[in-house]
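Below are two complexes that have subunit A in common, paired first with subunit B and then with subunit C.
So, the complex of A and B:
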């Protein structure tokens, strides 16, 4: 009743208010979408300004590009799988086998989202680098000649760093989903003699699937776009698409090649963004 | 409680401690330790020193702290205004247009930061829009990257706002501008503060776009950490990283206290 009396008033004012969206939209169009269009334009144009896909096709078939593409996808998929496993294990324990202080720990892990990603890589060089703590310890303990642990400067180093940085993005929606699971159902199941593994599989996991899909697709997107971790590891064999864009543009001043790679990287990212929006939309529904 | 037996629970907590320790605690602890390390050739540093921190306070590192703070503050302030503006303006559009524009405002967060930097270089390297080589291009890059997060935070806050207050205000005859200033924005304040804090934190850690566009003389913290570690000066890099972590945490915790107080009152 009250609504009926109030609603017509804003509806009448709707028409002039519509233009308020123009200033922020124009700002974003100038500073973000216009440069984006220019990247696409540069990718498909030769020096004389004519449309030309020759260079695009050449880069697409180039060894350095294919290697970077394969690296990017392998790292992204492996790291996302790792994030899902770590996020699920941490989430299950935090939600269903809580201990004193688990709330504080959950919030601590959450603040990792705000920290710069390269922090973890820098820490890993101290921990697992060729002169790091682990190698120093092992060389001393077993009097070895060469450092035994050297996964850091390979794709595995990047994957481990990305799992650390991005598993909070799985944990966050997962804990939200777990908080909705009926505790009485779990207690009833375990009183009736169901083993924890079975309860996880039949009661908890079905409730967590949307959160896992949303968190996983966000991880795919973020790991495809990740730059700092790969740059800081600085391994010659580990080049991903964002790193290739950087080295082509800044180190070689090959702007057209950089734009071509950027177009492909952006297309890949936007596809994953669509996947994430779709998954997150279903999570909200 | 999923696991009832005491030994079972202890095993599970050990797994948790191991995962948490290796993945989250060890990296932070080791950065802290190395920022204080004198020399580090064995398992542990041979001695501790605060020398790396006193170097930060003097010299080039301090300029990096300043550059990051100024960039973060200005970019976050502009992003806060434009994000709030956009979120408020989207409420009075019709549903389809609002949904399409909402996605467009989110897209900067999905595009790799290096490409955002590349786009700015391509677009703003020629007059009349010459930004390349100026400090402004760094601000613009940060603004673009964090704008989606402020927009998202403010939109989420608006969605949670009860419409009752605004409806009462307008039924009492409050004009839209008055209603916005005295009803909507105060109700939204906790979300605005949180959005500002998060975007400031993101800006402090931004590397991909900055490394593409930064002019000499405006080296932000992450870029200067990278050049330090790239030169092999890892301990100074670790000290600067701790400064970055401390500033970020102070920002987040301080703003959380502010929003907490507002929520209680």
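So, the complex of A and C:
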């Protein structure tokens, strides 16, 4: 049947062509849309199976939800800003400062994307945790009573871990955009009297705007949904939406509440994904 | 002539009137460039006079771009110094050299309108608004692009983009304009027009020193006051354009600058008489031509351009050789003939031909004047 697709006659091609929509659509429906529908259904239905928007509104106004929402957005925006700065600085250096081995470094950072996110968090615990190398060293060197470095178990710890993990997602499209910047333009600007900072601002960055938007919105998306890092660091009081869903569903068995929060989380994600697709489209990706 | 001292951003103080008379010279003082162990520019010493157009021509890979980029500041010389006017620029970054540069692919800033492209250099150098507006207008007018100020580069043709690139370089009133194959990306027809416009541009700005890198001899011959011919990272010859064409100092120059027939001859008599012609023997023929200090018995080359060979003789065309006609190519305006003289192919470009052309394989006499003839030493490869 597959060879029907290569037949030249249009009439022979059209009928089997339509049929091929079925398997992927069925798979999507089963694995993606059905669970989604279930979640949305759960969110708007109380235990007796009646449609009920009251609970939805109650959750929207609840302290625990608003706190988690604010935490999620704060962490996500801060981490994304951090990723943009780190990615931009690294990208500019890797792309425009010629040094031996820059290609190797770029590929190494690329490999980072393949690693599980908790790995960095684990490493951070070894380095900056209360019993980690930094604290052990400082405690011994200055004969301190308590570990002096505590930032890891706070919002900042989460942000730092996320910046470390997600900066490559900004770096990647940026390096692609930078590689397309005509070196002749940079040289022309330089001959005309522009110093490096002006060249970055007026020649390089305008060419990288779509890449920055694409990388940034991808970072927003990934950090909004980040679960592993937040759970792993386990900072007291740092509850984000995914963590809240987890604790409501698994620990408190409050399924409707979990689903309501999930619906909001999904809406947020889809919005950010739309932004990402828009930017990636502008980028020609 | 007062050359303004150049310290970073005060190029702006040089006004249009001054620049007319006050171009800077460019001096290469034993400048060499190497990439690792690969020497691409052997110690080069060359001077471009204020207001001069020097065309640097040569085959691809001969080091032209490298020499130009050394002036711009993008290639660091391994040894030697580069001076522009009174300033030793060898250690200055490109943005402090006060130059203009135009390259083959225009390198316009794609997200800026034409007027912002042209204003870029002035803004970078901190010029005030009024001056910028005036200069942008002037520069665009100079290249005939006044009507396109609001366009984006992508809305322009190749030739128009290159005009904008030239305007952008001129707007900062550079002391030296560097052009690297500026017309190579354009169609033949547009290229011819642009060559003429660059010539006109230089008539309008006679003080502007121009280093024009090209592999196109027509551009060089049309524009240049002087030509430097590059070969394998060395200057093979350097001199006033007409002189280099009429009296090429070596085989490479003769063949690179225009077409040349080069016939191996033996000198029988050194330069004599008021015109200083020497005499040389080719088979049975004795031929006179401009000499370069050859002595009797020297083996050398006799250079005669295809358009200077005639099928008919008169009292001026006293040099005469006989060749066997091999090929005839009629091209309308010109007819190209290929003959063989003493085993060497000889090309003739004739505008007028005898009513009946000789047949292929027959012996044909060719006539030329001593004034169009020069003796050219064979290349000594170093």
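Definition applied: the second predicted complex is superposed on the first by the 267 of 285 C-alpha atoms of A that agree within 3 Å, B and C clash if a C-alpha of one lies under 4 Å from a C-alpha of the other, contacts with A are read in each partner's own complex, and residues count from 1 in each chain.
Here is the rule we go by: contacts are C-beta pairs under 8 Å (C-beta built on N, C-alpha and C of every residue); 3 or more make two chains touch, one makes a residue touch a chain.
Computed from a predicted structure; not experimentally measured.
Of the two partner chains, neither subunit B nor subunit C is touched by A:235. When the two structures are aligned on the shared chain, A:125 is found in touch with subunit B, with no touch to subunit C. In the superposed model, A:182 makes contact with subunit C only, not with subunit B. For subunit A, the partner with contacts to more residues, out of subunit B and subunit C, is B. In the overlay built on the shared chain, the residue A:192 is in contact with subunit C alone; subunit B does not reach it. By the document's definition of touching, neither partner reaches A:66: not subunit B, not subunit C. When both complexes are overlaid on chain A, the residue A:206 reaches subunit C alone and has no touch with subunit B.
Contacts of subunit A with subunit B, set against its contacts with subunit C after fitting on chain A, overlap at residues 187, 190. For subunit A in complex with subunit C, the residues that touch the partner chain are 182, 184-185, 187-195, 198, 202-203, 206-207. Listing the residues of subunit B that touch subunit A in their complex gives 1-4, 8-9, 12-13, 15-16, 19-20, 23-24, 26-28, 30-31, 33-34, 40-44, 82-83, 85-86, 88-90, 92-93, 101, 103-108, 110-116, 118-124, 140, 143-144, 147, 167, 170-171, 176, 198, 201-202, 204-208, 211-212, 222, 225-226, 229-230, 234, 237-238, 241, 244-245, 248-249, 252.
Chain contact summary for the complex, subunit A toward subunit B: residues 2-3, 5-6, 9-10, 13-14, 17-18, 20-21, 23-25, 27-28, 31-36, 38-39, 42, 86, 89-90, 92-94, 96-99, 105, 108-109, 111-112, 114-120, 122-127, 131, 133, 136-137, 140, 163-164, 167, 186-187, 190, 196, 199-200, 221, 224-225, 227-228, 231-232, 234, 241-243, 245-246, 249-250, 255, 258-259, 262, 265-266, 269-270, 272-273, 276-277. On the subunit C side of its complex with subunit A, the touching residues are 9, 11, 72-74, 93-101, 103, 105, 107-111, 120-121, 124-125, 165, 168-169, 172, 178.
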